[in-house]
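There are structures below to look over.
In the two assemblies presented below, chain A is common to both, partnered first by chain B and then by chain C.
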Partner chain A sequence: MSKLKRRRRELRAAGLLTAPFLFVFTVFFLYPTYKVIALSFTDAPLIGEGQWIGFANYAKLLNDRLFFTSLWNNLYFVLLTVVPTTVIALLIALAVSKLKGRMQALVLTLFFLPYVLPVSVVTLIWAWMLDFQFGILQPLIAAVTGKPVPVFRNPYWVMPMIAVVTIWWTNGFNVLLLIAGLRNIPQDLYEAASLDGATPWQRFWRVTWPLLWPVTALVLTLQLILQLKLFDQVYLLSNGGPFNSSYVVLMQMYREAFQLNNGGYASAIAMVLFLVIVIVSVLQFQILRIGGRK
Partner chain B sequence: MKATGVHLKAVKKSFGAVDVIRGVDMDVERGHFAVFVGPSGCGKSTLLRMIAGLEETSDGEIFIGDRDVTHEDPADRGVAMVFQSYALYPHLSVYENMAFSLRLAKRPKAEIDDKVREAAGILQLADHLEKKPAQLSGGQRQRVAIGRAIVRAPDVFLFDEPLSNLDAELRVQMRLELARLHQKLGATMIYVTHDQVEAMTLADTIFVLQGGHVQQSGAPLDLYDDPSNRFVAGFIGSPSMNFFSASVDDHTGDGIDVRLSGQPDMTLNLPVSKPPTKGASIVLGMRPEHLVVTKGEGLRVTVDVAEELGGVSYQHGTLESGDPVIFQQAGVRHGMHGTVQTVMPEPGRVFVFDIDGERIR
Partner chain C sequence: MTARRARNFAFSGIVLIAAMIWIFPLYWSLTTSLRSENRIVSNAGVLIDELNFASYIEVLSTSKLPIWYLNSVATSSITTAIVLVTGMMCAYALSQLQFPGRKALYLLVVASFMVPVPALYVAQFILMSDLGLVNTWWGIILPQLIVPVVVIVYKQFFDAIPKEMREAVLLDGGGEFTLLFKLYLPLNWGITAALAIITFISTWNNFFWPFLIVTSESMMTIPVGITQVNDAFGVAYARMMALALLAAAPVIIGYLIFQKRVTEAVMISAGVKG
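So, the complex of A and B:
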């Protein structure tokens, strides 16, 4: 009797504690997700009901050249950011972890500061710095290429430059993760390694690198997912141009949904991007795990 | 300079304004098992790490063999160290952990294999070579750490409290294995511990450290029989020595008559070659195992707790002055709890210290 009573009381407490989350999750995530999936099989506008048209949106997508251009630009951007940002973050983390006490906290704060800024501020800062006429970075570009370059209006420069801005903006977080990983490696492993005759280089490759690998893999995967969702920086810096050379999947979705009023088609684009992200990140994580085990 | 062993000359270490090691001289002969023992914070681990090269030496010189290694890199000193945490590489197998130093030195594969398997044989690890450290028990991890030291065939083995993470039973077993290993390898070993039982059982030479100084060094039984100050007397021996305050009553031909404070009806006559002045306060030290229950006159002890261990029992109590006393009895079931017993020290087994703790002989 009392056992039954206690069980009921526990269930009531469990229900009470999870209810707020379940409510929010259902209303603001589960239901919209269901709606997007349902919407992608209709010809509905952004607001209002549409006709069921089966896989017609997906079939259309497969023949949409702009979609493949966007997808390609997404992958190019991933190539430009994911590995470079991880390498840079690792170098910074290694350097910062050599510092001590307050100095370390100060330098870490400096590297983390850009991450705190909203994307509009970040893009504004960089748009000024890279301004064709007045940008303070133009002399640097001129020194390398011989003449100033309007970077966000040049099809070759636009993606790499957005990548630079993105790396500058988000790197602090990766540094933080890697520093936490480095701090988890016990100091006496390095002492044992130096007694075993390891040079600093060998200590890095044989102790730091393998023990940091789980964190590095995490950073790589998080970055991959994040960078595939690229939208704000492109929208604010180049608006997809020039000649669609910085057009990305989420931009196309945005345009179809909010400018051309094609809710159904936009939902189909969102679904495909979702699948791409799931497949690529699962694939990457598996590959990284195998790499780590070796 | 002696050709072998480890020799320290006026070695000092300070962290900023704090002096941790304040001038240590010591000689550890080749093939000897030396133990640094002392309470926590006495600098014993720091001294070991200085010999290993993991801490800089602020002043003085460290010789290993006839080489001055004071400012050499750890790897060039010919020492191997076993850490308290074992410091095994968690991502490498037992085999690779032991092979690590040889791989770095780019030794031929066959040689690495020979050495690792030989060490694994000595340490009974042959069945575990493919496992990761996380799959091993504490004692096995400890053996891997020792194995990693053995394959390097160093001149000197350094152990930093290697047994303190093991449970009591395993600690006794590993202590024996270490003693056997030392006999088998015949290498110089320096061992740090705060456990005086480990020190007594393993050491050829014990160095008792406190406050950054070597308080006394010597063979374990020499320290037990003839401590040079109150600290060493209290530290060596288990349970530790009883200390009673007393005063000098009179000078006799070859010694002094002393009176215990709180029990003025009894005097002890102790042989001392340099007697303190009459009336001076002194401290008497008597080991629990040297206090014998007697029917005649002696120290009256009110026993309040009896620890009966089977073979021996320890009777805890207080003197009339309030000083705590422990005395040891062979056998059990004395039923002394709550009684007043009279004990006398065995003749010649009373140590006299001045009020600052220095021995008066």
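So, the complex of A and C:
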């Protein structure tokens, strides 16, 4: 077969193989990405044409107190979840990796299982656990505060409790990643450290922690991105309330687009989230690269 | 030695108890679902002491749960199949073929990771509405077909296959499609299974998008459908928990059967080797 003919066949194959993916990717991803950017500069309703209004939506955002409440609640939720879930996952991963055989498999299964549940199942279960009248955790809450608390209707309790539910639901994923990271640390490093008389505490801080850092950093950044996208749990447990105390950015995007029929303004809100997450992702990439070079 | 063994034993015990506390909410929902509504509010203990399936029967017969199962199974299966086939083909081209735009395409796929998908929902909803796909299976499926991680994982695994094997097939007169489906895919059944399971579970569990695109109760998927029952039942804890567990059963059973694959898939898709 001539070289030219072979090359032509290769190009044709490449075209055929990439075409289905490219089609789907272009129509359902690239085009909506372009569209949401374009919409954010218009006053379009959800369905129908709008007028180009320049940066007016963004200017409106700067004067929208609800938007700043949403941003603040997102940040608050990030503080409540990202580091705590990573610490809890690390403790669980360290404990699980000390176990052997079937015991390890069983314990890991129990810790991981909530992660595969649909979010609405998780919220149903926790709404029952924390039910104001009959919730099994209410005696515990009453022991601390003196009386039962309707947690998802209380502005002080709502975000921390949604954080608890979220950590319970998603923590298994972090545990898995950290266990994988722990397994990749060569065993002889621990033996060498033991021979040098290192205490378990020293072994953790001098061997485990630095070698696990790339995975820990990955978990932290994946969590950061995930938790910024908070919507489902809030919608299902508190619907943004009470008094907007659990109102978050995607909640506002949803309300503006699908209840108030402001497609353009909702797109501008989406763009802010978009930019925040892109920036976080780029930073993550840089941090991981620097970490990898060491 | 015995002191050390005793210590290990105690440690295992403590970790096991911690794990049981962790899973308690799920266990408690099971206990609740098997009791009569009257006993639930009467402070009965935490042990399963009653096997009353009335709530399960009532949920299955009065709600649209069977239809939601069907919608979920259909949309998740179709999504998974399309994501895998298109992703695998594209990954093969990226990995094994030289063509103009190859590098740009790969960078585009990697960059798309960064985009938070919910930020596109408004635009995707408008698109689906223009295509007349609101309240349809395809409306649920199409925007969920973007799973760039599948392309990237496949590409990594295809890259690792020795070139000599490829040359052998080419000398036998095989084309690129023969290579992909007779050599590269069979060598990667394991990863295909892992990717299929993780894609299926995440599509099955997606709440936000199906919640937006479906308004008619008979088109809902499980995660969206069960939130509708909430209002219909009023206060009915046993039935709510039976509903939750019936909705969760497929993923729980699936996970327990394919546990190893799920774990593998989670690690691979996050770029961590187990």
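We take it that the second predicted complex is superposed on the first by the 278 of 294 C-alpha atoms of A that agree within 3 Å, B and C clash if a C-alpha of one lies under 4 Å from a C-alpha of the other, contacts with A are read in each partner's own complex, and residues count from 1 in each chain.
What we mean here is this: a residue touches a chain if its C-beta (ideal position, glycine included) is under 8 Å from a C-beta of that chain, and two chains touch if they have at least 3 such contacts.
Note that the structure is predicted; figures quoted are calculated from it, not measured.
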item: Chain B versus chain C as contact partner of A:231, first or second or both or neither; value: second
item: Partner chain in contact with A:194 - chain B first, chain C second, else both or neither; value: first
item: First, second, both or neither for A:28, with chain B first and chain C second; value: second
item: Partner chain(s) touched by A:210 [first = chain B, second = chain C, both, neither]; value: first
item: First (chain B), second (chain C), both or neither touched by A:176; value: second
item: More chain A residues in contact - chain B or chain C; value: C
item: Set intersection of chain A contacts, chain C complex versus chain B complex; value: none
item: For the chain B and chain A complex, residues of the former touching the latter; value: 52-54, 73-75, 79-81, 83, 85, 87, 89-91, 100-101, 104-105, 148, 152
item: Contacting residues of chain A [partner chain B, same complex]; value: 186, 188-189, 191-198, 202, 206-207, 210-211
item: Complex contact set, residues of chain A against chain C; value: 9-11, 13-15, 17-18, 20-22, 24-25, 27-29, 31-33, 35-36, 39, 46-47, 92, 95-96, 98-99, 103, 106-114, 116-121, 124-126, 128-129, 131, 133-134, 136, 168, 173, 176-177, 180-181, 183-184, 215, 218, 222, 225, 228-229, 231-232, 236, 250, 253-254, 257-258, 263, 266-267, 270-271, 273-274, 277-278, 281-282
item: Residue numbers on chain C that touch chain A, as the complex places them; value: 11-12, 15-16, 18-20, 22-23, 25-26, 28-29, 32, 40-41, 46, 82, 85-87, 89-90, 92-94, 97-99, 102, 105, 108-109, 112-116, 118-127, 129, 142-143, 145-146, 151, 175-177, 180, 201, 204-205, 207-208, 212, 222-224, 226-227, 230, 237, 240-241, 243-245, 247-248, 251-252, 254-256, 259, 262-263, 266-267, 270-274
